[in-house]
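A short write-up of the structure that comes next.
Chain IDs A, B, C, D and E follow the sequence of writing; residue 1 opens each chain.
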Amino acid sequence: MDKLFTRRSEKTGLAPGTLIHIGDRKLERMKLTLFEYGGEADVSEREISIPGECFPFKDQPTISWLNVDGVHQAQIIEEIGTNLDIHPLVMEDILNTSQRPKIEDFDEYIYIVLKMLYWNEEHSEVESEQVSLILGDTYVITFQEGDEAGKDVFDSVRVRIHGGKSRIVKRGTDYLIYSLIDAIVDHYFVILEHFGEQIADLEEELVTDPSTDTLQFIHNLKRELLFLRKYVWPLREVVSRLEKDETDLIEESTSIYLRDVYDHTIQVIDTIETFREMISGMLDIYLSSISNRMNEVMKVLTIIATVFIPLTFIAGIYGMNFAYMPELQWRFGYFIVLFIMALIFIGMIIYFRRRRWL
Amino acid sequence: MDKLFTRRSEKTGLAPGTLIHIGDRKLERMKLTLFEYGGEADVSEREISIPGECFPFKDQPTISWLNVDGVHQAQIIEEIGTNLDIHPLVMEDILNTSQRPKIEDFDEYIYIVLKMLYWNEEHSEVESEQVSLILGDTYVITFQEGDEAGKDVFDSVRVRIHGGKSRIVKRGTDYLIYSLIDAIVDHYFVILEHFGEQIADLEEELVTDPSTDTLQFIHNLKRELLFLRKYVWPLREVVSRLEKDETDLIEESTSIYLRDVYDHTIQVIDTIETFREMISGMLDIYLSSISNRMNEVMKVLTIIATVFIPLTFIAGIYGMNFAYMPELQWRFGYFIVLFIMALIFIGMIIYFRRRRWL
Amino acid sequence: MDKLFTRRSEKTGLAPGTLIHIGDRKLERMKLTLFEYGGEADVSEREISIPGECFPFKDQPTISWLNVDGVHQAQIIEEIGTNLDIHPLVMEDILNTSQRPKIEDFDEYIYIVLKMLYWNEEHSEVESEQVSLILGDTYVITFQEGDEAGKDVFDSVRVRIHGGKSRIVKRGTDYLIYSLIDAIVDHYFVILEHFGEQIADLEEELVTDPSTDTLQFIHNLKRELLFLRKYVWPLREVVSRLEKDETDLIEESTSIYLRDVYDHTIQVIDTIETFREMISGMLDIYLSSISNRMNEVMKVLTIIATVFIPLTFIAGIYGMNFAYMPELQWRFGYFIVLFIMALIFIGMIIYFRRRRWL
Amino acid sequence: MDKLFTRRSEKTGLAPGTLIHIGDRKLERMKLTLFEYGGEADVSEREISIPGECFPFKDQPTISWLNVDGVHQAQIIEEIGTNLDIHPLVMEDILNTSQRPKIEDFDEYIYIVLKMLYWNEEHSEVESEQVSLILGDTYVITFQEGDEAGKDVFDSVRVRIHGGKSRIVKRGTDYLIYSLIDAIVDHYFVILEHFGEQIADLEEELVTDPSTDTLQFIHNLKRELLFLRKYVWPLREVVSRLEKDETDLIEESTSIYLRDVYDHTIQVIDTIETFREMISGMLDIYLSSISNRMNEVMKVLTIIATVFIPLTFIAGIYGMNFAYMPELQWRFGYFIVLFIMALIFIGMIIYFRRRRWL
Amino acid sequence: MDKLFTRRSEKTGLAPGTLIHIGDRKLERMKLTLFEYGGEADVSEREISIPGECFPFKDQPTISWLNVDGVHQAQIIEEIGTNLDIHPLVMEDILNTSQRPKIEDFDEYIYIVLKMLYWNEEHSEVESEQVSLILGDTYVITFQEGDEAGKDVFDSVRVRIHGGKSRIVKRGTDYLIYSLIDAIVDHYFVILEHFGEQIADLEEELVTDPSTDTLQFIHNLKRELLFLRKYVWPLREVVSRLEKDETDLIEESTSIYLRDVYDHTIQVIDTIETFREMISGMLDIYLSSISNRMNEVMKVLTIIATVFIPLTFIAGIYGMNFAYMPELQWRFGYFIVLFIMALIFIGMIIYFRRRRWL
């Protein structure tokens, strides 16, 4: 339930722009990391403790990337927002982790919300983390909900910046934001592979040994895909608008890269829809296999009952205690009856063979 | 039924613009409350008894918000409408509580119909109240069907106006109308949370102990969502047109706030659709679980019948009264037969084990 | 079948514009009624027998409304059409009562086809009557299939014209046509109420006592809604185009009234779709209730069979006639066996209780 | 299968424009018929053997309609095409009878592909014949696959031309092509009537006596409708483009006739979709009726088994051969047991009555 | 699984434009073949080993077609790309064989990705091979994944070029690229024919002898069609954009040929959708046939049980050992009971006949 719907009722009735964090606080302390590169200067990365420290970056020609891990301390977000002239509604959205992916263009900067997805090996399910990105002329700010070690999809971007020779350091903030979005979308393929494996397992199970758990498995996969879909569909529009909108913040030469991300997004959506169709096909098969098995059970019952009930009836007749029952006195009466019973038995078997029940 | 379809046949055949109230009269008396603020003046709130009292507000520079609780007294609505040059069709719509959410632009003013939703704890269902909003240059008029104590979603807006420092009092009627719509839409999330809880309960019940009531539960949830959806889908267009239409009544700076409401609306719709898909998935599971249980029942029957019917047949044979049945005279005939029966019994059990029925 | 598909094969192969009546002739004689009003003159209503009588109206400044009941006399339709320069295809369409609702703009006049719907109490089903409307500059002509007494939805318009004070008599033909369409659409709500009641009955029946008739009932409702939908969906476009098309025949001030009709049409469509969804949900419930009942039946069978078959087997054993069966000679053999049987019986009952079958 | 998919693999790998006939050759020899009318001249119709004979028509002011029956002789098609400057791809398409209805505008001429549909009474199924139409300034050429006697839907057009007074002979090629398309579409209504009858039969059968054949019947109807739909849906676009495209070949005054055909096409599509919905509703009913009947069977079994199994058990007890069974010696033991059995029997019957199984 | 989802996680986190091959390496060595034709020169075809050899072609007036078999050697692709100024993202896409069909216009050249489909007779399934096409002013480059002997769909194009008289050698690169795409799409019809045969087999099997394998067969066909659809749907847009986009690379006279390919694509999509509908109809029939068969089984069981259980009960009664049972002493008691049993038997048979169970 939790993943498909986030509580936000605590916010009901507050003025718009009221900064209240909605979500599960994952971190003890927010962590701010500032990258600076471009121009003559070398690439620098440093952790800063007071947000105020980093605001000069706005007016410098170098490119600054401020990554904020954790969004639960409203006052820090507010300080950053106020200094950079970010609209109060944007700050409110950053704090609220139940956003739908979206893009908003404020001329001076573009605000983007995305979902990073991680695969939780333990529970075999998808987990999401909200990422807010602000693209300015000379700066990019990213807000992540948490920073579990070894899980950050931005690491690959960091490595490339440090390398110093990558295209990233030679180009502007638009290429940086592209790289970040690309890293997020690329990671979706990892999630899809996990789903792919689960669906393959499921198909295997369906053929070999469908059980009641199989139904639960199908249901869970369906829910996870519903969840995935909810985050990926709006992404399509986000990337498309980023590519097509007329804004000075995105250079023409970056557009082609964004188109590439767009293609990937379409591919992710395509695969999700294919998965959904496959799972719904599997449900049909599961239901048919239940019916088939019931048929099998019924056949066994019917064969046994149909063969033995008439025979038992015959035995019952000669078990009656009438004073005058001529057959009972016959020398071979017993054997004749046994013989007749055998005939009936064989006849029944042949009948069932003909009907293909045996 | 009632919620999904409102009777309005009493209106059939009347001239358009004929003012007839359609709906359940909830209030004894209509209640008019007038807020005035903006300019130099302090915020004032007063209840007025004669509509005429409040009409000077139209030409004053201050911002006036007239809230009308109850819409069953046609003559009061008419008086208000006539004084403010409201189109007769609008007055007709205000009185008719079976409207679909919609927006109409009359240049001089904009007319909006929305639905406030409340959660009825007692019956675990959603209740709706129609709200008509008229946005003029210097005034806002809102018409609510009823005013059950402690339930009005506009209360949060009232508090903020009284506070006097909120953004509301500093801006025009467009921001006020935004605040009112935002309050209504925000409250939808509360409704969604109730649904979320019910769906979680349902999932729990499905796994642990599905009963015939579960089906009724699923059906009721489905109906409630149908109802919710009917009121929320058109809302999307209402807010979108309010944001995008070229009208002098909405300032540019308010547009971004309306976009925020629009995002919330999309989120509500998204969640409703997700809920619908989940519920339809649950119906599948429920049906499968019925089939599965039938399978279980059949298996028990089949095992018992298949094991004992042949044995009973054998007993029947030696219960026959033929004069000449050699086995009957054997010293250990009885025990041999018992032994054979035991063998058959064990053979059957092994057979069922192999078929995984045991 | 009839309602969903009208035979029109008799027309196959004829030249376009050939005037042949298609439909069930309901009237003995066509009836022409002419209303004249507007200008200085009083409102006049008179029945005319020779169509020629009424043609001067075309060039008079007053507003003329010619209502034609019955469309089976091709030569009368032709006479009217020729005198007013109506396109032959329009005359053909007027005669053919299997039209889909549509609108056609011929500059000089607008041709509209609609369906009036009546509720047939006797068969609990919807009946339709085709109405053709021609909107000219100074005249409106309406063609109805029949004129069953007390059923005409135009009566309310007639009353208002006679009243002489209604907005109708003060305005042009565009307002008259609006009034007529409004009267038709308003009547759809009456039909919807009948459906609403039937669906409520159906829900009641489903919960209390679903029978084989219930399925037939569901099926019939579904078909009736299919039928309704077929006539209402195209209406939406008709009204929308009437409102939006640039034509000199519709004044700006009438547009807002047409928008109101448009809103009603949307509401009708909305309700139909909601009804359809509810009915399809009911089918699911019906099917589940069949399965549930089968489960119940199976359980009873299984319990009885499972309890008594083993007991009967035991009785069968001691009914065998072996010469040497030591238990038979025991003093309390009989009572011991009875006691064992009782134990088995009680054990079975406990087992079924645990499985929740009892 | 055949109707839903035509083999065309023999063409794979050939150069575009290669003239190869794809389809079942129906005729021994192609038949060319030339109509000439318009201007001063009388209407003339003659069969021609050498295509070359008829090419002068291109430059004559009269209107020529060349109808070609049979499309299997590639060289004749080629000769016609080359003389009239028809694009090689068009000639290829004429020969290939597996086309989808389509329209192509080549400025000089318009190429249209349609499907004529015939009802095969014998197999109760629809048969199709491909018709290619080329509309030039002064000529119309039509290519039909075959010419089974008495089946040609163009006959009605021929009759009207011969009449000499029809609108056809007074107007240009655009009106001729309209007449031909109209004849084809009109004939679809005949097909729909056959379907209507079959669906009515099916409904009757479902209510009175559904059998396994009913399912096959439903399935066949579904397939036939799939087939019909495949040919009619694209037709909509063909007629719409013919009406709306800017081309000198269609006069304004003919547009209104094409709009009429367009309306008919919509009506055909509407009816097909309605039929499809009805058939899918019938499948639901069929499946429910199977379930209902299974329920009936189960009930009979359960009642019999539940009533007699306990009684048989009691009889079994008193059939045991224990030496000491006091009841057996009672004077009225037998009658007491019979009485108890009767009580149980009656009790069971009452129980089943209460459960509404009887 | 494999076909519906390709692993690409190994690429996650790499910089865009990083050339890494994704796919199954099918070839030992890449093979480059260069065609040159057009102008005065004869058609020449030669295999080249060093990519550098062929780059002069860019500036020659003749038309060059470089076909590359195998895409696993990144450095060769890179060399080609760099020399022809191909964008790094395009080179990355060429190496990645999990692309969706798409088209990208880079002004200087157009990049197209398509899927060639082959029918694997052995496993009765579809196999795909990715083809990348680059259309320049004077050159066309095609990249294929593999070159299994006798399977290349481009062979027909090669033959036509060698012929030297085909339209291909007289026209530009746009006609060449059309010919290549046409060859690919034409081959889809071969695939569809295989499906058509399988569906016909399936229908046959469903009617004559549906088994559990039938369900698996249906499921497999469904999956294969899902796969097919995934590759064909985007193709539609690719061809449509190639035809409609304003680019100097495509001449007007080639557009009509592309429109022809577009028509074929629509036909392929149409057929796939028809197949999908047919298969889903078959699943319904399969499920109904399971239910029907269960009904049959139940009827047999019920008839046997219902006939013999009461008879056995009667036999049981007269098997009781009561001391005083008057009937037992009757002279014809036994025969009277046999007669009564026969009556009951016949009565039952008549009852079942009436109910149509026999």
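For this structure, a couple of remarks:
Criterion: a contact is a pair of C-beta atoms (placed from the backbone, for glycine too) under 8 Å apart; a residue touches a chain by one contact, two chains touch by 3 or more.
Just so it is clear, the structure is predicted and the values come from calculations on it, not from any experiment.
Taking shared numbers over all numbers used, the chain C to chain D interface scores under half, which places it in the different class.
Distance from the chain B centre to the chain C centre is 26 Å, each centre being the mean of its Cα atoms.
Remark: chain C and chain E have CA centroids separated by 43 Å (rounded to whole angstrom). Among the residues of chain D, those touching two or more other chains are numbered 287, 291, 294, 298, 301, 305, 309, 312, 316, 319-321, 325. Taken as a contact graph, with one node per protein chain and an edge wherever two chains touch, the assembly forms a single closed ring in which every chain touches exactly two others.
Order of chains round the ring, counted from chain B and going first to chain C: B, C, D, E, A. Those residues of chain E whose C-beta lies close enough to touch chain A in the complex are 1, 4-5, 7-9, 11-17, 87, 89, 98-100, 102, 104, 106, 212, 215-216, 219, 222-223, 226, 230, 283, 286-287, 290-291, 293-294, 297-298, 300-301, 304-305, 308-309, 311-312, 315-316, 318-321, 325, 327-334, 337-338. Chain contact summary for the complex, chain E toward chain D: residues 153, 155-156, 160, 166-168, 179, 182-183, 186-187, 189-190, 192-193, 196, 199-200, 203, 207, 256-257, 259-260, 263, 266-267, 270-271, 274-275, 277-278, 281, 284-285, 287-289, 291-292, 294-295, 298-299, 301-302, 305-306, 309-310, 312-313, 316-317, 319-325, 357.
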